[in-house]
Every structure is written in C-alpha cells, then in structure tokens.
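Encoded as structure tokens, the structure appears first; notes follow it.
By letter and in written order, the chains are A, B, C, D, E, F, G, H, I, J, K, L, M and N; residue numbering begins at 1 in each of them.
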Amino acid sequence: MTGTLAAIGAGLAVIGVGLGIGRIGGSAMDAMARQPEASGKIQTAMIIAAALIEGAGLFGIVVGLLGL
Amino acid sequence: MTGTLAAIGAGLAVIGVGLGIGRIGGSAMDAMARQPEASGKIQTAMIIAAALIEGAGLFGIVVGLLGL
Amino acid sequence: MTGTLAAIGAGLAVIGVGLGIGRIGGSAMDAMARQPEASGKIQTAMIIAAALIEGAGLFGIVVGLLGL
Amino acid sequence: MTGTLAAIGAGLAVIGVGLGIGRIGGSAMDAMARQPEASGKIQTAMIIAAALIEGAGLFGIVVGLLGL
Amino acid sequence: MTGTLAAIGAGLAVIGVGLGIGRIGGSAMDAMARQPEASGKIQTAMIIAAALIEGAGLFGIVVGLLGL
Amino acid sequence: MTGTLAAIGAGLAVIGVGLGIGRIGGSAMDAMARQPEASGKIQTAMIIAAALIEGAGLFGIVVGLLGL
Amino acid sequence: MTGTLAAIGAGLAVIGVGLGIGRIGGSAMDAMARQPEASGKIQTAMIIAAALIEGAGLFGIVVGLLGL
Amino acid sequence: MTGTLAAIGAGLAVIGVGLGIGRIGGSAMDAMARQPEASGKIQTAMIIAAALIEGAGLFGIVVGLLGL
Amino acid sequence: MTGTLAAIGAGLAVIGVGLGIGRIGGSAMDAMARQPEASGKIQTAMIIAAALIEGAGLFGIVVGLLGL
Amino acid sequence: MTGTLAAIGAGLAVIGVGLGIGRIGGSAMDAMARQPEASGKIQTAMIIAAALIEGAGLFGIVVGLLGL
Amino acid sequence: MTGTLAAIGAGLAVIGVGLGIGRIGGSAMDAMARQPEASGKIQTAMIIAAALIEGAGLFGIVVGLLGL
Amino acid sequence: MTGTLAAIGAGLAVIGVGLGIGRIGGSAMDAMARQPEASGKIQTAMIIAAALIEGAGLFGIVVGLLGL
Amino acid sequence: MTGTLAAIGAGLAVIGVGLGIGRIGGSAMDAMARQPEASGKIQTAMIIAAALIEGAGLFGIVVGLLGL
Amino acid sequence: MTGTLAAIGAGLAVIGVGLGIGRIGGSAMDAMARQPEASGKIQTAMIIAAALIEGAGLFGIVVGLLGL
C-alpha cells in the first residue's frame, strides 16, 4: 500500500473537476438555448470559469501522481 | 493489497467523468429540444466542455493505472 | 485480499457510467418527446456524449480487471 | 476474506445499472405519456442507451465474479 | 468473516434493483394516470426496462451467493 | 464476527426493497388520486413492478440468512 | 463483538421500512386530501404496498435477530 | 466493545422511524390544511401507517437491546 | 473503548428524532399559516405524531445509555 | 481512546438538534411572513415542537458526556 | 490518539449548528424581504430558535473539549 | 497520529461554518434583490445570524487546535 | 502517517469554503441579474459574508498545516 | 503509507473548488442569459468570488503537497 492511496486522491480531484465543469457547462448549454445570440460571450465566460477549476484539478491530480 | 487501491481511484475518476459529462450532455439535449436551430453551436460547446473533463478524467485513470 | 479491492474500483466505474449515460439518456427521452421531429439530431448527440463516458468507463473497468 | 470483497464490487455495479437504466426508463415512460404516437422511436432510443449501460455493467459484474 | 462480506454485495445489488425498478415503476404509474388509454404500451416498455435491471441484479446477487 | 456481517447485507436489501416499492407505491397513490377510475389498472401494474423488486429483495435477504 | 453487528443490519432494515412506508403513507395522505371520496380505495392500496415492505422488513430484522 | 455496536443498530432504527413517521406526519399536516373537513379520516390513516413503522422500529430497537 | 460506541448510537437516535419531529413540526407551521382557524386540530395531530417518534427515540437513547 | 468516541455521539446529537429545530424554525419564519397576524400561535407551536427535540438532544449529549 | 477523536465530535457539533442556524437565518432573510414591516417580530423569533440550537451546540463542543 | 485527527475536526467545523453562513448569505443576496430598499435591515440580521455560527465555528476550530 | 491526516482536515476546510462562498456567490450572480442597478450593494454584502467564511476557512487550513 | 493520505486531502480540496466555482460559474451563465447587457459586471463579480475560493483551494492543495 506504498502510495496507492494517492490514486484515490487523484480520483477525488477528478470528481471535483467533473462536478464543477459539469455544472458550468450544463448551465452554459441552457443559457445558449435561451439567448442564442449571446453564445459567444457565454462561451468565453464558460472557458474562464472552467479554466480556474481545471487548473486546481490538474494540480490536485499531479499531487496524486507525486504521491505514488 | 499491493496497488489495488489505485483501481478505486480510477473508479472514482470515472464517477467524476460521468457526473460531469452526464450533466453537460443532459443539458445539451434539453437545449437542442428548445432551440433545434442552434444545435450546431450547442454541440460544439458541449464537446469543448466535455473535452476538459475527459482530459482530467483520463489523467486521473492513468494515475490509477500507474499505481497498480 | 490480493487484488479483490480492484473489483470495487470496477463497480464504482459502472456507477459513473450509469450516472452519466442515465442522465444523458433520460434527457434525450424528454427532448424527443418535446421535439419528435428533431429526434435524429438528438440521438446523434446522445451517442457522442455517451461514447465519451463509455470510453472512460471501460478504461476504468479494465484498470479494475488488471488490478485483480 | 479471500475475494469476497469482489462481490461488493459486483453489487456497486448493479447500483450503477439501476441508477442509469432506471433514469432512462423513467424518462421514457414520461415521454411516452406525453407523446404516445412517438413511442416507437422513444423505445428504440431507450434500448440503445440502456444497452450501453448494461454492457459496462455486466463487464463490471464479471470483474467481480473473476475476483472471487 | 469467510465470505460473509459477499452478502453485503448482494444487499447492494438489491438496492440497485430497487432504485432502478422503483424509478421506472413510479414513472409508469404517473404515465398511466396521465394517459390511461396508452397503459398497455407503457406497461410493455416498463417490463422491458425492468427486465434489463432485474437481469443484472440477479447476476449480482448470484455473485454474492457464490462468494459465501 | 462469524457471519454477522451478512445481517448487514440483509438490512441493505430491505433498504432496496423499501426505496423501490416505496417509490412505486407512492406514485400509485398519486396516480389513483388523479385518475380514480383507472385505479384497477394502476393497482395491477403496481403489484407487477413491486413483485419484481420483492423477488430480488427476498433473494438478497436469503443470501444474508445463508451467510450467518 | 460476537454477533452485535447483526443489530446494525436490523437497524438498516428499519430504515428501509421507514423510507418505504413513509413514502407510501405520505403520498396516501396527499392523495386523500386531493380526492377525499376515493380514500377507501387509496387506503386499501396503501396497506397492500405497505404489507410488501413490512414483510421483507420483518424478515430482515429476524435475520438480524438470528445473527446475535 | 462487547455488544455496544448494537446500540448503533438501535440508533439507526430510530432514524428509520423518524424518517418514516416524519414523512407521513408532515404530509398529514399538509393534507389537513388543504382539506380540514377530512382531518378525521386523514388522522386515522396516519396512525395506521405510523403503527406499521413503529412496530418494525420497536422490534429493531429491541434487537439492539438484546445485542448489548 | 468499553461501551463508548453506544454514545454514537444515542447520537444517531437524536438525529432520527430531529429529522422526524423537524419534518412534522415544519409542515405544521406551514399548515397553520395556510389555515390559521384549523391550528388547534393541526397542533393535536402534530403532538400525536411527534409522540410516536419521541417514544422510539427515547427508547433508542436509553439503549445507548445502557450500553455505556 | 478511552471514551472520546462518546464526543462524536454528542456531536451527532447536535446535528440532530440542528436539523430538527432548523427545519421547524425555518418554516416558522416563512409562516410568520405569510400570516403575520398569526405569529403568536405559530411561535407557541414552534417552541412546543422545538422543546421535544431539545429534550431528546440534551439527553443524547448527556449520554455522550457520561461516556467520556 | 489520546482524545483527539473528541475534536471530530466538536466539528460535527459545529456542522449541526451551521445547518440549523443557517436554515433559520436563511428563511428569516426571505421572510424579511417578503414582509419588511414584520421584520422586528421575525428577528425576535429567529434569535429564540437560534438560541436553542446554539445552546445544544456549545454544550456539544464543550463535551468535545472535555474529551481532549 | 498524535493529534492530527483533530485537524479533521477543524475541517468539519469549517464545513459547518460554510454551510451555515453560505445559506444565510445566499438568502440575504436574494432578499436584497427582491427588496433593495430593505437591504440595511437585512444586512444587520445577516450579520447577527452569521455571528452566532462564526462563534460556534471558531470555538470548534480552537478545540481542533488544542487537540494537535 | 505522522501528520498527513491533517491534510485531509485542510481539504475538508476547502470544501466548507467552496460550499459557502459558492452559495453566496451564486446567489449574488442571480441577484445582480434580477436587480442590475443594486449590484454595488449586493457585491459589498457578498464580500462581507464571504470574508466571514474565508476567515474561518483559512484558520482551519492553518490548523491542518500545523498538524503536519 | 508515509504521506500519501495527504493526496486525499488535495483531492478533497479540488472537490471544494469544483463545488464552489461550479456553482458561481453556473449561476453566472444563467445571469448572463437573463441580462446579457450586464454581463461585464457579472463576470467581474464572478472572478472576485472565484478568486476567494481558488485562493483557499490552492492553499489546501499545497498543504496536501507538503504532507507527501
């Protein structure tokens, strides 16, 4: 069990990424359907917010990788 | 128990992918039904958001694979 | 307990697949009932999104199989 | 405890199958009640989506069986 | 504790069956109340979807039985 | 602790039965209140769906009993 | 700890009974308030559904009692 | 730890009782407010349903008491 | 750890009491606000239902006390 | 670890108190806003219901204190 | 690990306080926005209900402190 | 592991603070948007309720700090 | 395992911060969309409420850091 | 297992970041769709709130990294 617990940490990080980007992306889909003409602005904001989560998420997965 | 805990990490990563892409995809279905003429733009945004989760998810599963 | 924890990882991966495709499929059913004439486009998008989850899910189950 | 943890993995896989097909099937029932004349198309899509989950689910249960 | 953990796996499988068929059956009740004249078609689809879950569920319970 | 973990499996099976039949029965009550004249057909479908869960549930409890 | 884990199984079985009958009973209350003249038929169906859960539940508690 | 785990089982049984009777009672309150003239019939049905849960619950708590 | 696990059982029993009476009481508040002239009848029913939970709850806490 | 598990029981009891009184109090706030002229009667009923939970909760915390 | 488990009990007690006062306070905010002229009466009731939770919560945290 | 479990208690206390103040603050935002002219009174009540949670929360974190 | 459990406490603290500020921030977004002219006042209140959580959260993370 | 538990703490921190920024971002998408002309102000507030969570989150992940 030398380090494999770290893989669980990586898995939890992916859950966090999925919950976060999933929520943002899902709301972006709804927003585009309601205001198709604003879809460019919405997509930009979606990618900004998703990038913040992605950054923390990849950092967390790398911690899991270092822990192996 | 030499490394098999890592498979749990991989399983958790799949849960994250499922939660995330499931939410995005489900909202995309709803959006297409509400605005069928915007379905091209919605599908593009869906794949962008899904790719961000898929990337983190596969990274997490690979950490699980390395931990075996 | 040599490796059987990996089967739990496989089980968790199936939960992820079920949550994800279940959500996408359920929304696709609703969408088809609301816009029957767009059901071809919706089914295509459903299969794209489901394939992304299925791919990650099978990868996760295979990690569980390798961990046995 | 030689392998019986694998049965828990099989149980978790059934939960995934139940959550997924349950959601798809439940939405299909609602969709049929709202659009009875589209019930053939809905049933086809329901079986496609359910088959994707069933496949991953049976794979996961077999991993549990191999782990015994 | 030689094998009794497998009974927990069987119990989890029953939870999966209950969640799945419960959701399908509950939606079928609602659908029948909304469209009583389509109740034959709805009952057929309900049994198809329930059978897919029942199959995976019984498989999972049998894995639990073998693990005793 | 020779076998008493199996009783937990039986308890989990009862949870599954309760969740499933509870949902079906609850929806059947609602359906009967909305369409009192269709209550015969609804009660029949309720018992069919409940029997599928009851069957899997009793099987799961018996596995728990064998595991004692 | 010779058998006292079985009491946890009995407790879980009571949770299942509570979730199930609670849901059925709660919906029956709502249904009676909406259709007071159908309350006889609703009460009959409520007792049938509750009996199915009560049966499985008592079986599960008895398994817990035998496991002591 | 000779038997004190049984007290946890008793506690879980109380959670089941609380969830079940709480749901029934809460719905009965709502029903009485909507149909004050049917409150006698609703109170009778509430006590029947609550008695079924109370019975299973006390049985479960007694199992916990015997396990001490 | 001679018996202190029993205190956890008592704590779980309090959670059950809180969930149950909380739900009943909360619905009673709503009901009184909707039908202020029926508040006497609602308060009576509230106390009957709460007493059933309180009884089981105190029994469960006493089991926890005996287990110390 | 001589008795400190009992503090967890006390903490769980506080969660029960918080869930219960929180729900009752929250509904009482809503009720007062909807029927300001009935706020005296609502506050009385709120304190009766809260006292029932507070009593069980303090009993549970005292069990935790005795278990130290 | 001599007593530090008690800090977890204190943490759980804070969760109970947060859930309870959070719910009461949140509903009080909504109530004040709906009936600004009744905000004095609402604030009084809010503080009464919050005090009941705060009392039990501080008692629970003190048990955690004594357990250190 | 001499005392580091106490840090988990501190983490749980922060969850309690987050749940509680998050709920109060979120409702206060909604209330201000609905009644902008009452925002002074709402902010005062928000800070009173938040202070009650903050107090208990910091007490809980300090218990975690003492437990190190 | 000398102190690394403290990192879990820090992680839990971040969950608390995320739940709390996420809820406040999300409601603030909704409020700004409903009352764009009150966005200054809303942003001020948002930062006050967020600061209370941030303070407790950083305190909790520091406890986790000291526990390493 | 020298330090790899810390990776779980990092994973939990990512879940917190995902929950928080996901909620804020999702609400921001909805807000932009409802008030496209206020999207600049909304995006500014979104980034302020997200930065507060990101800060605490990265701090938590770094604690996880130091704990390896």
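The working rule: a contact is a pair of C-beta atoms (placed from the backbone, for glycine too) under 8 Å apart; a residue touches a chain by one contact, two chains touch by 3 or more.
Bear in mind that the values here come from a model prediction, so they are computed numbers and not experimental data.
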Request  = State, to the nearest whole Å, the distance from the C-alpha centre of chain A to the C-alpha centre of chain M.
outcome  = 18
Task = Return the distance between the CA-based centres of chain E and chain N, expressed in whole Å.
result = 38
Inter-centroid spacing, chain I versus chain C (mean Cα positions, whole Å) = 41
Message = With centres defined as the mean C-alpha position, give me the chain A-chain K separation in Å.
response = 33
Message = At least two partner chains per residue is the criterion; list those residues in chain A.
response = 1-6, 8-13, 15-24, 26-28, 30, 32, 34, 46, 50, 57, 64, 68
Ask   = If each chain is a node and each touching pair an edge, is that a line, ring, star, complete or other?
value = ring
Key: Successive chains around the closed ring, taking chain K as origin and chain L next   = K, L, M, N, A, B, C, D, E, F, G, H, I, J
Ask   = Quick one: in the complex, what on chain J touches chain I?
value = 1-6, 8-13, 15-24, 26-28, 30-32, 34-35, 37-38, 41-42, 45-46, 48-50, 52-53, 55-57, 59-60, 63-64, 66-68
